[in-house]
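Per-chain residue numbering starts at 1, and chain names A, B, C, D and E are given in the order in which the chains are listed.
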Amino acid sequence: MVKKLFSLIILALLVIMLLPLMTDFAPFAELSRVAEKYVQKGPAEVGGQNLVTSVIVTYRGLDTLGEIAVLFIATAGIGFLLGKSSGKHKRSEASQLVNTGTAFLLPIILLFGVFIFLHGHLTPGGGFQGGVVIASGILLFVLANADSQISSNLLHWIEDLSGAFYVIIGLLGLILAGGFLDNSILPLGQFGKLISAGAIPLIYTLIGLKVGAELVGILNNMQRSQ
Amino acid sequence: MGFEPIKILYALGTIFIIFNVGMLIQGIVRKIGARVGKRYGIRFYQPYIDLIKNYVMRSNVTHGVMFYLGPVFRLTGGLGVFLFIPIIYGSQYFSNFAFAGDVVLVLYFIFFGSLGMALGAGEGGHPYSAIGVSRGLAQVTAAEIALVIAVIGVGIQYDTLSITEMVAAQQGGIANWTMVTNPLLTILAMLAFLGAMGRSPFDVVLAPQEIPIGPPTEYHSTFLGIMQTNRSIFPMAKTILFVNLFFGGATNWIVLILKIFIVYMWSVVVGVVFPRFRVDHSIRWWYKYALPLGIIAIIVTTLIAG
Amino acid sequence: MVSPIYIFIIALGIGFLLSLFDKAGRAVAMTIFYGALLAMAFISGQWLLHLLQGAEAEIITTAGFQPPFSINLKMGLLEAFFTFLINTLGFLAGIYLLPKFKSQKIYGMILFLMLIMGLNGLVMTGDMFNLFVFLEITSIATVSIIAIEKNLKSISAGFKYVIAGGIASAFYLIATIFLYRFTGVLNIAMMAETLNVASSQAVFLSVFILMIAVIVELKPFPANGWALDAYEAVDSGVVAVIASGTSAAMLFVFYKISPLLNNTLLLTAAGIGLATFTFSNLLALKQKNAKRLLGYSSIGQIGLIITAYALLVRAGYARNSEIVMLTTGGLFINHFLAKAGLFWLSGVVEKEKLEEWSTLRNNPILLFAFAVFVIALVGLPPFPGFFAKWQLVMTFANQGLFFWIGLILLGSFLEAIYLFRWLGKVLKSDLKAELKAKISQIFPILIYLLAILIGGGYLSRLINQGTSLSILYLPVLFIVFLFFIDFLPVAIKNTLVILVGSYYTYLIIPQLSGYRVMLGVIFLAGGVLLFIPGYFKRGKRTGFYPLAVMMYVGLAGLLISENTLQFFTSWELMTLGSYFLIIRGKKSEPHALSYMLFSIGGAFVMLFGFGILYYVNGNSMALSSLGNIESMAGIIYALLGIAFLTKMASIGLHIWLPGAYGEAEADVSPMLSAILSKAGMFGLLMLMAAIQTANLGSINLPYVLGWLGAITVFIGNLLAIYQEDAKRLLAYSSVGNLGYILFGLALMSHMGWLTSITYALNHFLFKALLFLAIGGVVYRVKTKNMYEMGGLIKKMPLSFVSVLIGIIALSGVPPLSGFAGKWLTYNAVLEKGWYLQGVIVIIGGLIAFLYCFRLIYAVFLGQLKDKHRQVKEAPVWFLIPQVILIGAIMLFSTYPAFILGPVGKMLNDILPENALIWENLDAYSIYGHWNGFLIMMITGGIFVIVFLWLYFLNRKAQKVKQFNIVYAAERPSRPELTHVGYNFFAHYKKALGSLSQPYVTKFWNTMADIFHSSAGFIRRIYTGDGQTYILHIIIFIVVVYFLTIGG
Amino acid sequence: MTNIFIGVLGVIMIAAALIAIYQKSLLSAIVAAGVISLLASIIYILLAAPDVAMTEAAIGSGLTTIVFLYALNKIRKIKADK
Amino acid sequence: MLLTIILGIILIVLGLWGMLSQKNIIKIIIGFSIMDTGIHLLILSIGYIKDRTAPIMNQAVQSAGQVIDPVPSALVLTAIVIGLAITALMLTYAVKLYEIKGSLEISDFKELKW
């Protein structure tokens, strides 16, 4: 109890400490120096409509690669931590509704995911969101077909190869264009079209696949391991 | 000053005189002691007889090299102390080998004999020898504290460590003696004298009642003779040192013998009056009383000299 | 030139594909894995070389845009250096973990590769948010790989780690976004250009949060319980990467964000660092678990580095200036290599308790590595930490940061306590288990061992300031050579050392002047002489020769050093060498420890003093500047004085000595007592010579030293008489004798110094003699208790003669040389007027008679014990130097003028009032006179005459049987009953009981208790509860913030 | 208008957070935490960041909750096995 | 937008409070995820500029004066994914801890201390 009271006091002090961030602070009125450039030059330099995507995939592409790595490490870490697969699972039978629903929904969900990451440079969304959608579709499938198991082999292949290709595309940027992860290895194309913004759709596809595979992998690991 | 061969002869002469003085004083003192105690006592020449008897007797016993050398060390120590003290002030015949060193030399040479003796007794293998030596050394080192302080005091007062110069500074009448000019120091010195002479209440060394046998038992006949020879020279040497340092020294033999006798008698008188200390009492006494007294004496002396 | 970006490409590409390669077989995956690590190391190494040759730093832009519009990486010299360190560490740690990788899932390798990549990213990235990403990569990879051991301890440690890391990065993120708001960029360098920390409170707070988040990642006290748990529980191979690699990267992050910090924040950081350093070292005192201990030490070291860096930058040094690099870089490299090495060793040992590490003794090379790492951590030469710490203290002193120096030295001292305690236990405690070291584990350790040696050698160039290199380095090379030939038998090594030592003596002595000649003879010629007994040993005597020579090289170095650094280095080398000599004794471990602690404590005090000197004297390291100090002279002299007094074991600082001297090996004790103790004397001589000319103001240092010396004489000698152990008796006697030397020096007069030097020379002669003789006896009778000996004169007559000569010389009884000292003392005392002190000194000298007699009596006289009837004379190799020493004593006694005359002349340069005049063999002072030759002749003459007289009278004396004594009318049957040896001076003890109480020991024990119990109390904050650790972090942040804005 | 809307959402979020902290049932707590994310994604839309809103809804609210539930499920299973 | 900043900070503190006050490890992780959400909200609020639209350049939106800052959005995207990774890892640890010791009380894991 004393400890809780003490924690409360400390948190109160923390709030007092953080007060200047609220009181002595003015929000942006104009774009920052960096953002200004992104907005003005971004469409021309990168070729994506969605500036957030341009920033994520190109300007701050290294962050994204790192982010993918984080997810990858977490997947590996969870696999490492939870040790060996036990192999046998008992899962309760899913209801008819889910089964039917899944059969109907799965292709749509997958398609939706692909749509999201392919249009990442044009509309909100991208590899991560698309990846999550794909992952959730697969999860649904797993829930529905209790007997089937996701081929971890396939997952691995998708996960590993998409990651490796991502790196290779980045490398191509270093060799062919201005630097690592430069998207202009492919022609920027016509602004606003699906096939535009250089390598961004390609990268986002790879990210989408990788993220999807990794997320499934995480859940799969948590589910199966013993 | 310096060494000349003829001085060896002078020294031998001095030794001869003082040896006899020592023998006689021993005898007389024992006689007086007996008379005070209402006994008849020995003949005053008894020490001579004892000595001759011991030298004549033969013992073929030795416990080892150090046992054999013990008395040699003892007598060398006694003679050495004596020889490093100038005896008669102003006399080139009776100044011994004082040119080899000063009062510090004498002070430290006193230990030469004690140490050798202790070693000899030690090799005798008798447990009581060891106990006796242990007590004796403890007692001597404690008593020496007062002596050292007294000597330093004299050194401070006369700004010299040379015995001859100390005596020189006291010439010209009793008023110049250290005894008069610095009574505190003299009191300290006379306490030290009691300790150095092993007289009661500081006579723990021999402590005949407690250690019935020990060095004197193991050492007999010739060995004892040599030690007796030493006993008539070593105490005289110490007494002469005190005479020189505190009582104006002496310019001729008569004065010297008189002063020796008086100083020597002091220890006898005190010894008759006071009972004996136990050895740890004795040590504590020196540290507790003599040392502070000495420090006061040194401070006083500094004031006098300064 | 391969672009540094390939480090990431390789790591990520291979990381992503590794599990696919694994499908082709583990061997394939492993080959590729190690190939990747090697390639990363190669790239950074190549850049390091390139940049070292003066190339420009490379800015790597990504996506073809310039910063701040895209993320950029930088490969400058420092980045190259750090990535090279991290990548080589990665490769070596990878090799170390090879068996685990082989048997575990492929994820282990992937995670490891990602971890190393993350660390590279932390170092190279120039973008604040990208740094966050790499932070998370590192943190998640670390947390995941912690699970390489799946026991409860490491899993719960991992959980605490991930939570704490999460909170730290949360704060980091908050700070990042606000800084983005204030500057409009995320590039750190540009942020620093545009940011004005003082412009508003929100800006200040943001920068503060950024800093504190980075610092929390660096494990500050007390918000570091999570890290300690991880250090304790995580697998050794992994924790080495965490402790060294992650710390390196995070330190570099701190370096990177430091341009954002203003002076207030730098001060805060420095304060946090110092608190961390001090407290973690304090708390480590109570630690019994080896890895946790290393954890405390790691955290402390990082704290120290933060403090050093922050304060130096605050003081105005450029972030990458040479000074900053030398200090923080040196400390860092030292920590990096040593800590990784030690953690790796922990994996080899596989034992938790400190003393169980003694299994390392099964493998001498690993033991050597362990010792080197520990010594490097303490900051002793010749390792990088030493030079860095030196430079740090000097630079801090230059800035007047004395308070900081004081605390840093305190922390270092605490660190030394537990590290040396550990070292001692490893060297001495019982050997129980076998050691199974795999080659994959040994290889990385050896590489780092080599690296730390090279690093030390590289930094040691600081020393070289005008002195010829050969004199400085050749001896060191000889030591190294001795390490290499350590497998040879004793006889060869001993001969070699004696020959080389003689030649070195011949080389050095002519280069010395003044009183240095005198000490040079004692140190070097004496040293060579005392190697002779070494022949008695059989076998290899592993480790003895290099370390003994190290001690002598240190001693010689003291004499020839011209600046404070050379002096200090030599001092530490000497200390280190002597520590290893002492600890060779059978029961000497606790004593060696206390020796080392007092020595190191003293050395740190000395370092402090040299620091102030450096400050006061306008950045001069010249030792000669000691004599013309403008201000603060008193405090400098006092500090240096304390340091030297420690080595001289003056009262209050003496408690290490009896055990150290007493328990050392037979031929080591004389080296220590006769020679090593004079090092302190040399220091004091130097100091006193300086005091002579300096303005001390109101502080009368010599007066204090005089009293101290006098009391030391008295107490040292008094305690000596109560000892039952012969060697301890001699040891206490050394305390007393060193007191005379101190007293003489403190007199600050020609006569006083002459006294002191006479004592020094004499003490060298007789104490070497006595320790050798007693050492020989102990070697034969196998006990050091005097009451168990007795009567040995019949079996060991030559040793007896040595002891006899020795004690006569010791006690100062004429005609031997000891008297010279006594005579000079009287004269010097009278001249100076220090009567009371003089009285105490002289009384102390009188007490010496007691133990002298006891020594010779209880050992050689009295009754021979039955079990000693077959004892032989001491080995001839002990006797040879004894004969030489006796000869020297006799010569010195008979012709003191030949030695003291020239010594007096040497002193004339410093103290011109020559109060002692030599006329041929006669010495005249203003008080008295003394002729050693005549005294010898007269005494000898009388002795011979009396002896002849006795012999004439009693020439047929026969030796009787042992028990032919009259003993209460009985014949004793057992020698034990009649040998009075035990508690010989009981009455003295009874009389002076209060003076013989071990007050000093009690005092130091109480001090130790206070430290230990406070450590025990404080460390209870680490409850082990993860939630408490979270609370600690938040408390830490809040409290530090309010302290920062409040003060 | 927007402010009021955000304010209302904020109050609900704080309430949800308190439920997430204090609700004894772990399942409810997890759901409450998911609700916070979901409401946050609505705010993101108001803050003109549809990309983030999508992500938060998908990952923060959706996937994170699923991961929580999986973990909870796993823990239950371990409990049952014991 | 100040309101959302305040909301963000409130969520952060509430999350911390959850981590400090709850003994159950799952609850602590929930607290962490609440704190994470707060931080995301905070970041995004910084990038918001009043009355502007999303940074998607099309016919309707052409100039720099019309859109919000895309950078914080990009950062939050990254942060969300990383947050998920950490949360998942924490949960895995929780599972593992439960598997070993059968407890979810954080105070039950005090094997390492001092």
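Just so it is clear, contacts are C-beta pairs under 8 Å (C-beta built on N, C-alpha and C of every residue); 3 or more make two chains touch, one makes a residue touch a chain.
Since this is a predicted model, take the numbers as computed values, not measurements.
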Moving only from a chain to one it touches, give the least number of moves from chain C to chain D.
-> 2
Pick out whichever of the two, A-D or A-E, is joined by more C-beta pairs in contact.
-> A-E
With centres defined as CA means, the chain nearest the overall centre is C
Chain located farthest away, centre of chain C as origin (C-alpha) = D
From chain A, the most remote chain by mean C-alpha position | B
Rounded to the nearest Å, the gap separating the Cα centres of chain A and chain D is 19
Express in whole angstrom the distance between the two chain centres, defined as the mean CA positions of chain A and chain C.
-> 55
Between chain D and chain B, distance of the C-alpha-averaged centres to the nearest whole Å | 105
Could you please state the distance in Å, as a whole number, between where the Cα atoms of chain B are centred and where those of chain C are centred?
-> 53
Would you please write down the residue numbers of chain E that are in contact with two or more other chains?
-> 1, 16-17, 20-21, 36, 45-48, 54, 56, 67, 71-73, 75, 77-78, 80-82, 84-86, 88-89, 91-96
Give the residues of chain C that touch two or more other chains, as numbers and ranges in rising order.
-> 129, 133, 136, 140, 143-144, 147, 150, 155, 174, 178, 180-181, 186, 1031, 1034
The positions of chain B in contact with two or more other chains are none
Pull out all the chain pairs that touch, please.
-> A-C, A-D, A-E, B-C, C-E, D-E
In the complex, the residues of chain C that touch chain E are 129, 132-133, 136, 140, 143-144, 147, 150-153, 155-159, 162-163, 166-167, 170, 173-174, 176-178, 180-181, 186, 225, 228-229, 232-233, 286-287, 292, 1019-1020, 1022-1027, 1030-1031, 1034
Within the complex, chain B is touched by chain C residues 791, 793-794, 797, 804, 808, 811-814, 819, 822-823, 826-827, 829-830, 833, 835-836, 838-839, 842-843, 846-847, 849-850, 852-854, 856-857, 861-863, 922, 925-931, 934-935, 938-939, 942-943, 946-947, 949-950, 953-954, 956-960, 962-967, 972, 977-981, 984-985, 987-988, 990-992
Across the complex, what residues on chain D touch chain A?
-> 49-55, 58-59, 62-63, 66-67, 70-71, 73-74
Which residues, counting only chain E, touch chain D once they are in their complex?
-> 1, 3-4, 7, 10-11, 14-15, 17-18, 21-22, 24, 26-27, 29-31, 33-34, 36-37, 40-41, 44-45, 47-48, 52-54, 56, 67-68, 72-73, 76-77, 80-81, 83-84, 87-88, 91-92, 94-95, 98-99, 102, 104
Chain A to chain E touching residues, read off their complex = 4, 7-8, 11, 14-15, 18, 21-22, 25, 27-32, 34-36, 38-40, 42-43, 49-52, 54-56, 59-60, 63-64, 66-67, 70-71, 73-74, 77-78, 81-82, 122-124, 128, 192, 211, 218, 221-222
